[in-house]
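Take a look at the structure set out below.
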Amino acid sequence: MELPEITSKLLAAKKAKRMTFADIGKALGKDECWVAALFYCQAKATEEETCKLAKLLELPCEELKVLADFPTKGLGPVVPTDPLIYRLYEFIQVYGMPIKAVVHEKFGDGIMSLIDFSVHVDKEQDPKGDRVNITMSGKFLPYKVW
Amino acid sequence: MELPEITSKLLAAKKAKRMTFADIGKALGKDECWVAALFYCQAKATEEETCKLAKLLELPCEELKVLADFPTKGLGPVVPTDPLIYRLYEFIQVYGMPIKAVVHEKFGDGIMSLIDFSVHVDKEQDPKGDRVNITMSGKFLPYKVW
Amino acid sequence: MELPEITSKLLAAKKAKRMTFADIGKALGKDECWVAALFYCQAKATEEETCKLAKLLELPCEELKVLADFPTKGLGPVVPTDPLIYRLYEFIQVYGMPIKAVVHEKFGDGIMSLIDFSVHVDKEQDPKGDRVNITMSGKFLPYKVW
Amino acid sequence: MELPEITSKLLAAKKAKRMTFADIGKALGKDECWVAALFYCQAKATEEETCKLAKLLELPCEELKVLADFPTKGLGPVVPTDPLIYRLYEFIQVYGMPIKAVVHEKFGDGIMSLIDFSVHVDKEQDPKGDRVNITMSGKFLPYKVW
Amino acid sequence: MELPEITSKLLAAKKAKRMTFADIGKALGKDECWVAALFYCQAKATEEETCKLAKLLELPCEELKVLADFPTKGLGPVVPTDPLIYRLYEFIQVYGMPIKAVVHEKFGDGIMSLIDFSVHVDKEQDPKGDRVNITMSGKFLPYKVW
Amino acid sequence: MELPEITSKLLAAKKAKRMTFADIGKALGKDECWVAALFYCQAKATEEETCKLAKLLELPCEELKVLADFPTKGLGPVVPTDPLIYRLYEFIQVYGMPIKAVVHEKFGDGIMSLIDFSVHVDKEQDPKGDRVNITMSGKFLPYKVW
Amino acid sequence: MELPEITSKLLAAKKAKRMTFADIGKALGKDECWVAALFYCQAKATEEETCKLAKLLELPCEELKVLADFPTKGLGPVVPTDPLIYRLYEFIQVYGMPIKAVVHEKFGDGIMSLIDFSVHVDKEQDPKGDRVNITMSGKFLPYKVW
Amino acid sequence: MELPEITSKLLAAKKAKRMTFADIGKALGKDECWVAALFYCQAKATEEETCKLAKLLELPCEELKVLADFPTKGLGPVVPTDPLIYRLYEFIQVYGMPIKAVVHEKFGDGIMSLIDFSVHVDKEQDPKGDRVNITMSGKFLPYKVW
Amino acid sequence: MELPEITSKLLAAKKAKRMTFADIGKALGKDECWVAALFYCQAKATEEETCKLAKLLELPCEELKVLADFPTKGLGPVVPTDPLIYRLYEFIQVYGMPIKAVVHEKFGDGIMSLIDFSVHVDKEQDPKGDRVNITMSGKFLPYKVW
Amino acid sequence: MELPEITSKLLAAKKAKRMTFADIGKALGKDECWVAALFYCQAKATEEETCKLAKLLELPCEELKVLADFPTKGLGPVVPTDPLIYRLYEFIQVYGMPIKAVVHEKFGDGIMSLIDFSVHVDKEQDPKGDRVNITMSGKFLPYKVW
């Protein structure tokens, strides 16, 4: 997987400024996950937002304008090899059909939108070991019959 | 994708009894998603639970004992074609790397466990269209250094 | 590609009754393409519709109830080998990126829904050879920013 | 997917001139989708057209002559990961066989040509959300029997 | 590769009758290659032709009616393993691009149709070893510009 | 597919000299298809031929010596995406098994050589549209039994 | 990999008769490797040979006639998983290019035929451990230039 | 397939010196095939051997030291496209299972080592056409039972 | 992945007899892992051992004789989906190259044999959670130079 | 497989200093396998450790800071071609299911963690040939039921 050039520039600047995605998100009025998606060119900003981000990270505004283009999304590979990302793939392999059955039962014939969609990552303190909570929220889209 | 024979039997019985996964979950003291995973042989029950389930669905206890075996998990195919399940794959392709970046920032070097793990599906009423909320919760596992 | 058993039964009955998809569609108040999708278990009917269809094709109502289940969609293979269907794949390979560019220019950041979606097939008379017109209509879904 | 070098030059020039594909199409006497296909080297222009386009975008005529070569078409990847383009792939997976059945019923044994072919993208205003209409028109080619 | 059931029946009957594809072709007024394609369900006959063929091979007419359906074509696998068929794949790998260059030079922008198409296999006597001559003839289809 | 550097040099020189593959073939005493194969490094010339070609195209003799090396053949990808080349792949998928059946019937157990092989592309004038005729001629190689 | 039904019959009969491939080969006047290839439907016998083999193994002559058909060769899978067969695949991965270089140096432009071909397996006694010697012998086929 | 940089340097130097792999092998006390494997970084030399080879080819000793590193072996692609190398792959597809059966019959449960292994390429004069003889010799490794 | 029929019979019999792999191993004088491999037809027993096992599990001796055949090994799929087995694949993806570097440093040029090989699974009590210890032991095989 | 740039720098420095992974491990208080994993960017160090390592290898501290980033793990390819690494893949193909069966029998429903995990490589002296011992130790993670 070859990441876009802008991604490493953004990550390096963020590291140099010792800012978290949450810090940047607060400054832009966005969630940290959306900011991270923007860093990896998986989301699109407005031209104003790219300039705001450029100032925040002390990068030339012009250079970040690429973040306002419509990106070709999907980072590959087909089956992820990184252990953290693979676990999300394992989620599909193991729980995909069961989740489908439950969604249909609760909502009827349709799907969860990945477009009218948001995702949050939370840290839940737990004496037996902290937990990663990932919450996906997508609009239910019922199949049109025509 | 060829589902196990027991899966269609269970689904047919559940339909005949007009029970939801939630109804069955309540009777077994389990979450509806775990019950659905059990139906698809992606989770393992105890022998007692298989009998309890058998009674609930009015199926022969003996026939459901296979649910107490250790299943070979993963339902395939490599890239899901079903639109509902594909959206979860799209989630990995688009948000996998950003999620990884956020998890590392919040938790350090490690992953979200898919074993010490639970998932819930909730229906959020929304005047602009109901939302599907999927919440994954996995223990953070820090990489051991040796 | 192994088609569902019900598909060949439906196709055989339709052939025996010398009905077109359009005839059946008219009787059900549906488009011919949706009816064809139902035949291949790529769309879901209501229980009432399955019975109506059963009567129309003189098949036992009970047998067609499977059409009211939530199907696992996607017929494979990964790259279609049938010449007619391959041309639609060639459409993606050749015109996918250009279409994406035009849609973004006209609508902004988002996609065409395949769920709030319909498709029609029309025959256009043309002295140089009739033309197949396929019209896809999907709701534009703008990306949510959060 | 690595796009041809000329593609980014053309897109950058178009952006700088604040022209749409439709604007360029009008100037060249072509449809916007064909123009977009040309930008991605999925269509071939005449030498005259490349010069006309070069003037329009204020680029050196010589540099655009590559657009008059016969391109090797198909932009990959095998299964698209971009959500907008994937939906077109989902169209094949879900509606490919049904469409085939309807086309055969209406036209007989043959296919829709992707060569004697055009495609249009239209925006349909709709109070419930605008719709993307994609219309493909291809000559029906009956199988020769010999 | 699993061949259709009808294929082995036809081949067995043909063997029993000691007829060649050419013999059958002559009786049906068709080329031997088209007849072979029909045997493998890669071409479609009319209902009359299926009956004519049935009589010729002394098979029940009803059983051969499947040859009048619109077949889903493409026999797989993705890369052929059979040495004879692989050589045709090697032809594409080695001579595909050169052939493309020559066709474009001679005909301009377009392709050879595989639909308005015929193929012949001839045996050329040669003292150094007989030669297999395969002649493909397809209508040139020029790309439409719109 | 990344073509060898020498290929673009040769094609550019040929274009500049306004020569066809046939022109070059005549000068070298070779068929146009073989010349095209040489351009794409899918055939091997003698050192003398590379110099003759260099003079013809006014390129430095030294630079073309690479054409006298033994190339690693096969241009990929596994399934061609270019419409013109794909049609040849479709030929295998659809007519591969039928051709195999006819060759065995006419020649017995063996294959058509792709090594003791030649291919020609001819333009057949036809009022209904010119035809591309591709003629492959390969020595029949009978299987040795030992 | 699913083997042909006849293969297990032949292997069972051979085991029951306590014959080696070499024993059978001697009786048929063939090499043991060719006999093994016949057992796996990777070689074709004459009708006389199938009967001779049938008598030898005390099987019905009629049942073995399938061995006189032209088999579709290649046993799969794409990358062998069986350790013994994988080692031959490793041979290609590691020594393929070097072997190609040596063959070209010794023979010029061409290949080793796999059709005018034989292979032998020999056991070489060695105090440090016996050695498996596999000898392939194929006619050199020089590329034709046309 | 991208070959290591050192490979082209070695091949160019060998060509300039007009030496064969056998010449180099003789000078190093090694077989020509092993030398070819070394050229393609599929075998490992000692530091002394790299210097000896450097002198022989008049290349800087330092530059060839990379040949004494432990290479990552396997040259790809998964299915070879080069006709000469493909024939070796065809060998596995067609004769892999038969060879396995013969080796087990002669040696018992185990495999031919590809590590304690050598391969030779010989030219056998034959009036009907010279033959390429490839002889593999690997130690038989019996499966350990524990 | 379709397991051999004998595997489920053996597993069912073992379950009915309430024996562990270790119990069976003790009775046969073998390690539990080897016994498990035999159950899945990934190891080969002697005819005596199959009878001994048959008696132990009260199964007909004849039925287990298949365990004395030479199995075609490798259970697939290419990338395992079962979480437990996938972790072993992750081991290769993450630690494969590092392990290779360490083995070469300690042993020189060669590999760990998977044939002269054994593996053990041990349970290590640990207050923070028991540990699975998998120990592989394979003979080091140095590359032969010839 | 393209290794990170830092990997070759580290390996070259280590070679120049004539240090083993064990030497470096001792200096850092880490196991040699973990050090090797760090070299290949498959493990993450602290900033302090990167500086300690930099001093040890006489490399600029700044340059090694990349080792403190969170790496994207997994070195590919999908099926390893290097013989040493392939043997580990063969281990999964052959012994994966048997190991799974034994682990479940000993530990119940769960997996061996690859995160709370360590691996050691040991050299066992043996008169019949030294043995490579690879010991994996991972915490057993029982499946949560919810």
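The chains carry the letters A, B, C, D, E, F, G, H, I and J, assigned in the order they are written, with residues numbered from 1 in each.
Basically, a contact is a pair of C-beta atoms (placed from the backbone, for glycine too) under 8 Å apart; a residue touches a chain by one contact, two chains touch by 3 or more.
Just so it is clear, the structure is predicted and the values come from calculations on it, not from any experiment.
Considering every other chain in turn, the ones in contact with both chain G and chain H prove to be E, F, I, J.
Interface comparison, A-C versus G-J: the pair with the greater number of contacting C-beta pairs is A-C.
The pair A-C is the one among E-G, G-H or A-C whose contacts match those of H-I for more than half of the residue pairs.
The angle needed to superpose chain F on chain J by their Cα atoms is 145 degrees, rounded to the nearest 5. Annotation: 30 Å between the Cα-based centres of chain D and chain F.
Between chain B and chain J the centroid-to-centroid distance comes to 32 Å (mean Cα coordinates, whole Å). In chain H, the positions touching at least two other chains are 1, 33, 72-76, 78-83, 86, 90, 93-94, 97, 100-101, 104, 110-111, 113-116, 141. Screening every pair of chains for touch gives A-B, A-C, A-D, A-I, A-J, B-C, B-D, B-I, B-J, C-D, C-E, C-F, D-E, D-F, E-F, E-G, E-H, F-G, F-H, G-H, G-I, G-J, H-I, H-J, I-J.
Interface residues of chain C facing chain F in the complex, by the touch rule stated above, are 79, 81, 83, 86, 90, 93-94.
Remark: chain I residues 72-76, 78, 114-115 touch chain G in the complex. Put simply, chain J touches chain B in their complex at residues 30-31, 33-34, 43-44, 70, 72, 97, 100-101, 104, 109-111, 113, 115-118, 141-146.
Those residues of chain G that touch chain I in the shared complex are 1, 77, 79-83, 86.
Put simply, chain D touches chain C in their complex at residues 1, 3, 11, 20-21, 32-33, 36-37, 39-40, 42, 73-76, 78-80, 82-85, 87-107, 110-114, 116, 119, 121, 123-124, 126, 128-141.
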